[in-house]
Amino acid sequence: MPMDILLKEILSIQGVSGDEAKICRFLVEYVLQRSSSWKVTPKLYFGEKFHENIVLVFGKPRTVAFAHMDTVGFTVRYENQLVPVGGPELDESAFLIGEDAQGIIRCKAELRDGNIFHDFPRAIQRGTSLSFEQHIYEDDGFIEAAYLDNRIGVYNLLKLCETLEDGIIVFSTYEEHGGGAMPFLIKFIYENWGIRQALISDVTWVTDGVGFNKGVVVSMRDRYIPRKVYLNRILELADKSGIPYQLEVEAHGSSDGREIQLSPYPMDWCFIGAPEENAHSHREKVAYFDLECMIKMYQYLMCNL
Amino acid sequence: MPMDILLKEILSIQGVSGDEAKICRFLVEYVLQRSSSWKVTPKLYFGEKFHENIVLVFGKPRTVAFAHMDTVGFTVRYENQLVPVGGPELDESAFLIGEDAQGIIRCKAELRDGNIFHDFPRAIQRGTSLSFEQHIYEDDGFIEAAYLDNRIGVYNLLKLCETLEDGIIVFSTYEEHGGGAMPFLIKFIYENWGIRQALISDVTWVTDGVGFNKGVVVSMRDRYIPRKVYLNRILELADKSGIPYQLEVEAHGSSDGREIQLSPYPMDWCFIGAPEENAHSHREKVAYFDLECMIKMYQYLMCNL
Amino acid sequence: MPMDILLKEILSIQGVSGDEAKICRFLVEYVLQRSSSWKVTPKLYFGEKFHENIVLVFGKPRTVAFAHMDTVGFTVRYENQLVPVGGPELDESAFLIGEDAQGIIRCKAELRDGNIFHDFPRAIQRGTSLSFEQHIYEDDGFIEAAYLDNRIGVYNLLKLCETLEDGIIVFSTYEEHGGGAMPFLIKFIYENWGIRQALISDVTWVTDGVGFNKGVVVSMRDRYIPRKVYLNRILELADKSGIPYQLEVEAHGSSDGREIQLSPYPMDWCFIGAPEENAHSHREKVAYFDLECMIKMYQYLMCNL
């Protein structure tokens, strides 16, 4: 699986939580250009009433798949300080980039006395978003890059769009920093289409029970616990599909699934995604084989669930 | 008050958060068998659109009482590890039980280097739920058993059903692990019956201000604070009732009341329940006298509030 | 800006979270007496279905401004212990006041072995609310008093009422202790008037980037991050207004904006308020100049946003 130009494109666009306008615009334009060539042309919902979220409705949907488009990063504070957005892994060798009214910014950051400082030669405007400069490496069946969390999940759903007949695809915001877009999206989807089945298209961690090149991960729980009855249906289908997958059981971490769990709608959720190393760093790492399995599993489940 | 066969039955059924299908099925069957002999036969709501939650509507309801049916436990991870569900108190002498595709499981667990390991001689399937083996002891006016939290609260409401004329009874899920069922239930109840008064039927802790055999506990606050105006109305009625009760004021802990507090409906809530020792262990302890007072207080309040 | 009698009045009324009946009654009476002399007489919503919250609707609203009326304080526990409400700064020289069935209470409190004890000569009824005794000092352009958080925000909106043509003003409860009133208020406001623009009228902290007498603070983020697109519109207007303002970027702290962020409505929010020192103490300190700028900024933004 050589890297798709589309994956490269979405990896090149910044979108720190709360500041997703650029990646949103790219995705809307991509959908507008491509959707007429898809098996089914979806109805597209976006714009000010959706903030930077995007909803695509194909045919007669039974299941919704969510992928968040935002990434971790930093907000510029005072006195050359930076405040984290989400939980970025600070590596003093990594470059951070951004832009304020005075121009382009490229700098490094370091931790001193519990505060993070940038080394840009001039003051940067308060509130400016910075995130990792992108460098993509491909080697030996792996991709290493910033923002794989969660441009992998976004890419997976964009591939799914090409063949999807019935279902809803959502590109959401704010996942990395406290959430807040999902409650609106869940309400919109449940109230309009009565959807009670959800999948979370995102990346998870390589651990002692989850490894590279063993297939897509189906998570049985993280900090939150999906409903056993729903999980069992998914596992039955996953077995039937013949697609390689591995089971995850974690005590920590969470995803957009959390907000479905806490929503006032009887919507089930399950996290399904590729595992990665170096999460939230400028050099996240995913195996292409796992990504391929992820894409196939979503195609299978959206069709059969 | 000798132990009721019904209390014994519901104490014998497992129902770890997220995996409540069995206890849900028992409760539905119990209601279907018994409700025609109750003073008022309620309308029963359950099934896939309610997940494992159950709602009973009696007459013209003014007040809703909630009891969660789930318990703490463990999820099986990898390499013989267990991950907690809720906050179980691990006692290395306690047996844990469960079942996977290969059969019945009975094992002990111990904490080593910050991880919990089971000692079952074979690997257990990932994601399997385990919880305490049940042993019920009765002695000197006390009951000791696993799952008193919150089968005591469930039992209280099942007894209430026998004489209730107007009110809503809810058996809910997921309370021990992050919640998530309550938002849906509150919405359903408020939007259909406009209910603005709630009681939480659950167990609390023996502390320096709350003791055994002093009556049911009315909680003035825990981590969350119910509205004073509502609390005052309940205390006025509790005084009038003549039923022994004690007042609780805590900084920590919370209940399904938390989700009512945070819901988008102007619904008041108050926690009322028996105190217990050894919370979340395999040997929780409650005094029958306090349980009797709890049952009487719910009968009084559901009638007079 | 000499102290307004109105500010003095609302500073003299207690309203610990959950126990806001008195301050609510004062505000309702004030509105009923004054609103006919305002530029536009608003429609007033309050009463049992609103708990202690108050909503005023002026003309054709596009934007809503929220100010919480509750304050930090303490709940009386057992054995002369106190439990905090919100995060009050305990100063052993400060007097706490309250009232129970036996009469007026005035005492001090001290921290011993991690617990807070009052020194009142008799037991105080469980569940009684205590809060700081009020002493107002004016000096050199500053006001020092208890409850400036958030009677400053309430005062700001009461002044705004006098000239407001189109907009919604909300006085809310429970902000200092876990929230829970906002979800209902947001739902009410969005579903009835479709409002998607919100301002949070509250006080923030003096820090290394935010100082006294530099104007009202527009917060670019705290623990939660408002949407950049909305923030940019506000900053553009703030620039145009000519009113002195300063920009805040914090990693911690939050406001009623948090609950808008997490609500299921596409409503934007931005925190705008005066900075203070000695937050949550009996001697909070605010500069009149910053308060003046706050009042002017709200008048400008509610008109132009």
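Each chain carries a letter (A, B and C) given by its place in the written order, and its residues are counted from 1.
Here is the rule we use: a residue touches a chain if its C-beta (ideal position, glycine included) is under 8 Å from a C-beta of that chain, and two chains touch if they have at least 3 such contacts.
Here the structure is a predicted model, which means the values were calculated and not measured.
Considering the contact criterion stated above, the chains in touch with subunit A and with subunit B alike are C.
For the pair subunit B and subunit C, the CA-based superposition corresponds to a rotation of 120 degrees in steps of 5.
Of all residue numbers that take part in the contact between subunit A and subunit C, under half occur on both sides, making this a different-residue interface. Averaged C-alpha coordinates put the centre of subunit A at 36 Å from the centre of subunit C.
Touching two or more other chains at once are residues 263 of subunit C. Residues 17-19, 21, 48-52, 75-79, 83-85, 126-127, 129, 174, 177-180, 183-184, 186-187, 263-264 of subunit B touch subunit A in their complex. On the subunit B side of its complex with subunit C, the touching residues are 196, 207-209, 220-221, 223-229, 231, 247, 249-251, 261-266, 268.
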